[in-house]
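What follows is a pair of complexes built around subunit A, which joins subunit B in one and subunit C in the other.
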Partner chain A sequence: MRFIFKTDYGQDIRLAKHGGHLFWYGALMLVLLLAPWLVQEYWLAQLTFVLIYAIAGLGLMLLAGFTGLFSLGHAAFLGVGAYTQAVLTNMGLPFPLALGCAAGLSAAVGLVVGLPALRVKGIYLGIATLSFGFIVEEVLARWESVTGGNAGIHIKKPDMFGWALDSGEAFYFLCLLITVLATLGILNLLRSPTGRAFVAIRDSEISAQSMGIHLAYYKTLSFALSAALAGIAGALYAHQLQFISPDQFNILQSIDLLLMIVIGGVGSVHGAFLGAIFLITMPQAIAMVKDYLPPTIGQAPGLQGLVYGVVLVAFVLFEPLGLYGRWLKVRTYLQMFPFYRKGMFKRQKSFQKSERLK
Partner chain B sequence: MQLLQLVISGIAQGCIYGLIALGFVLIYKATETVSFAQGELMMLGAFGGLAGMSLLGFPYWLSVLGSIAAMALFGMVLERVVIRPILGQPAFSIVMLTIGIGYVARGLITMIPNIGTETHMLPVPYKDEIWHLAGLVLNVEQMVVIGVTGVLCVLLYTLFRYSKLGIAMQAASQNQLAAYYMGIPVKRLNGIAWGLAAAVAAIAGLLLAPITFVHANMGFIGLKAFPAAVVGGFGSLPGAIVGGLIIGIVESLSGFYLPDGFKDTAAYIVVLIMLVVKPNGLFGEKLSKKV
Partner chain C sequence: MSAAMNPTPVQPLPEPLLSARQLSVRFGGVLAVNNVSFDVQQGEVFTLIGPNGAGKTTVFNLISRIYTPTTGEIDYLGPKGLVRLTEQPPQDVAGLGIARTFQNIELFEHATVLHNLLIGRHTHRKTRLWQDLFFTKTAFDAELKAREKAEEVIEFLDLQHHRDSMVAGLPYGVRKVVEMARALCTEPKLLLLDEPSSGLNVEETEDMAFWIADIKNELGITVLMVEHDMTLVSKVSDRVLAMNQGEVLAMGTPREVQSDPGVIEAYLGSVDDVSSLRRQTA
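And then the complex of A and B:
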């Protein structure tokens, strides 16, 4: 068990709380930097996908996990980012400019969607974002002069002012850089007054409001930031796949993103990464196990949906803090070795609170 | 005449949306949770009817009744096993839970060999019959949808207005804690509300089956019932039906008069406008919390 003896206020908001953090995150960084030489090309591509989904997950985590507004149409922001990037890159814009535009446009769209969030909450907001997601998907499919309609659109390799990133390794490093920047940005945001305001809104809107937090401003800001991150992820997603079509940004993708943060652990930055790892490795794991199952089960097309559903239900019922919560329990168990008690993380029983009364 | 024709087919489609929305509202009123699995319950109901008719060889009415009863039971079991343990948790976890249930239901149906991946026709006695009435061509399948919805509305109204059970459910939905103190078995009522919602979903599935065929993905229509519930006001039973009718008619008219693409998004555009203009819906109650 580690006790931190705090001697100044700066220690409370330091990103790395103690030497252990520095060591382990440094080691993780080193492994990630060496990854292109350690793993095969296929796994490197999967790792790139994990990073991309983690960026989108960070955005959704900020919105759902830290501000308490949940979006059922987040794939729409991913789609806006991806299509902006595709169109601008094909027009010959260099990568950083196109990425900036993708993030900016997504954020602008997020602002527009955030507007109903000021008046409605809870399930109504979910339905507003769901509706918006459907409308964006339809626009992407119908606006053929720009998006290529249902036939999809091809996208060129990213180009940094004449330096083309045409290998998988180079693109991996680009994604890694953006992920690290996004993570540091989110961590920094969360220890700033803005981040604290988000968390206050999540915990109780009324008390946040009475502490002088401008609800409309912060909710809209949260939507915009979340959408911008989703837009960046979408842009990278488009480059990684090199081909995008509207059906990649449908309701199922939105649900996948939500599933990712719930399984990773709502309300923790780690959760976005753990969820992304889960989301990418799950289909691979199913594909591996498939061959050992009897063919009527193993080859059935519904297997993946079934497994996702069961895992989701199991997590909501038994581990509401997700994979990160499970890790916290394991870590606490190890740290306190013989003294861990069963009820330490027991969920508090609570009464049904009515949402109808605002 | 053409307009009337479009309105009638819109009403029939709207009745389906309304019935699914009715399920949402029943559950929302009773337990303050939103079920995203309602569309999948509808799909299960339709498959139940199909299994009764084609696998077991029951007559039409028996398999319909059997399917509805089985779904009601399934709804109650579902509530007992997965929903009750997390009552009182944030709405977000329950939404994710019901999405998970939907995934499981769809996955399980798809995994049934040779049946799950096909589309089936429900052999109803009134298949492909058409009435001609004063120049209108009326599809009997659609007329049955409208008729059954009307009867169901009257039944539910009677239940909630006159029966002891219905009044107890109203009390529990207004204030759970107070209802509990008055000796109303709130937990059992929650189970009954889920059962009722599942039964209504099964009826919607059986009514929709002759029009669109039975397949594993028919539950996605449930996503269009959300706009219906919101337009009507989420906590209002008549609102759900009216909202469904509005969505159905708007969809049918926009499919004919507006360019391609508006038919599929009409419901969502209507609900977004509704949320901006009148977030509580047409019949929604407006209450505010005292701190």
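And then the complex of A and C:
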């Protein structure tokens, strides 16, 4: 058990609260930096996907986990980013500029989609974003002169002012850098007035407003930031796959993204990463155990969907805080051994809750 | 604490802090507030009383701009002079120095007490989005400053023990205090308390009376409250406005209002009423 002796308020504000944080996140960073020399090319590509999904997950976490606005069409922002990147890169724009445009255009689209969020909440917002997702998918499929339609579009290797990132390792480092920057940005927002305004809107709009928080501004801001992150992830996704088509950004992708943050743990930055790891490793794990299962189960076409569904239901029922919530419990158990009590994390019932739709 | 937050007890000035004139609100066929006018002087504790459904909370929601009056207006002496409060957007009310609490506590439940108080500092934010994003020196210093202010309020209301607890796990009585603390964090000139003692036990209600008196005397904040507990009302209020059916019944000191025949009738019914209920004997 760690006891922190606090002597100034700065300790509560700094990101690394104690030496343990510095040590463990430093170690993680070191492992990630050495990864190209530690793992095979295939697993490095999977790790790159984890980072890309984590960026998109951070965006969705900001929107759903911290501002309380659920989006069922987040793959659309991913698609907008990916196609912007593809078109601009193929026109010969250097990578950073194309990435900036991808993020900017996604943010602009997010701003527009955020407008209904000012009026509708909960499941109705879900429906609005869901239909937005379908619209974008349809546009990507029909606007053939730009997007290449259902035949898809190839994208060139990223190129930074003459320095071509053509190896898997170089692209991995690029993704790692962007992920670290995105994570630091989100963490900074969350410890500052902007992030607190998001959390306030999530927990009680009426009292957020009476605290002077401009609901419309912060809701659209959250949508724009979230979409920008999804756009960046989409751009990297396009480069990683080198070929994109509209069906990669359909409702299944949106659901995957939502599944990712729910399983990772809604309302925690760690959750975005844990969810991304889950989302990428699960198909691999299923592929591995497939051969050992009886053929009627192992070779059944819907096995992956079934496993995802069961896992999601299990998490919603038994661990609403997701993988991160489970990790918190395990850590507390180890720290307090043998004094851990079963009910320690049980949320207490609110004594009185005003009637409002979440 | 007192040194930082306006130490001089504010004398009632001739110019009222808030003046409501001929307020009426109609929800469909219901006239929730009918032609209500009152002035709140600087530095006083002004209480709205009345039976359930009298329109007290509606008046509160008019002041905090959750509702817009059908007719009538509210003027408020803000930091930059007199403003027409009924024309301000709802999120600007806090910036003018009006903070409120809610009848059914509306705290940010999945956050710690400290976090809630820091959200109360929102109107005093100095940083822009990009400064928050990169957490510049300005942002860090602003955070330190906000924390110091929040700590002053924590000390004032004795919340040290609960500083890092999640609101969702706190007992009801403490939540009431946290909500008041959050309102104080905005450094208001006018504090609106919607039933501060509802759901509190006798001891907690007594504490609440002390705190309201302290807020008025030490911090020089004007308090406007809705309250049912007449002991608390007569202990702390300077003036009382009694309402019934959306209309003003009586206004004056607690003693005057309590002895007003109209008020007694509204709460207890008149003698005629009672006789009409009496069983007819043959």
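To be clear about the criterion, the second predicted complex is superposed on the first by the 346 of 358 C-alpha atoms of A that agree within 3 Å, B and C clash if a C-alpha of one lies under 4 Å from a C-alpha of the other, contacts with A are read in each partner's own complex, and residues count from 1 in each chain.
Going forward, a contact is a pair of C-beta atoms (placed from the backbone, for glycine too) under 8 Å apart; a residue touches a chain by one contact, two chains touch by 3 or more.
None of these values were measured; they are calculated from a predicted model.
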| item | value |
| --- | --- |
| Subunit B versus subunit C as contact partner of A:Ile206, first or second or both or neither | both |
| Subunit C versus subunit B, contacts on subunit A by residue | B |
| Partner chain in contact with A:Gly10 - subunit B first, subunit C second, else both or neither | second |
| Partner chain in contact with A:Phe173 - subunit B first, subunit C second, else both or neither | neither |
| Footprint overlap on subunit A, comparing subunit B with subunit C | 206, 350-354 |
| Complex contact set, residues of subunit A against subunit B | 64, 70, 115-116, 119-120, 122-124, 126-128, 130-132, 134-135, 138, 141-142, 206, 251, 255, 258-259, 262, 266, 296-297, 300-313, 316-317, 320, 349-358 |
| Contact footprint of subunit A on subunit B as seen in their complex | 28, 31-32, 34, 82, 85-89, 91-97, 99-111, 113, 116-117, 175-177, 216, 223, 226-227, 230, 234-235, 260-261, 264-265, 267-269, 271-272, 275-276, 279, 285, 287-289, 291 |
| Subunit C-touching residues of subunit A, taken from the complex the two chains share | 9-10, 12-13, 185, 188-189, 191-197, 199-200, 202-204, 206-215, 221, 267, 347-348, 350-354 |
| Residues of subunit C touching subunit A in the complex | 64, 66, 90-95, 99-100, 102, 104-111, 115, 118-123, 125, 127, 129, 131-135, 139-140, 142-144, 146-148, 151, 168-169, 171-172, 182, 186, 199 |
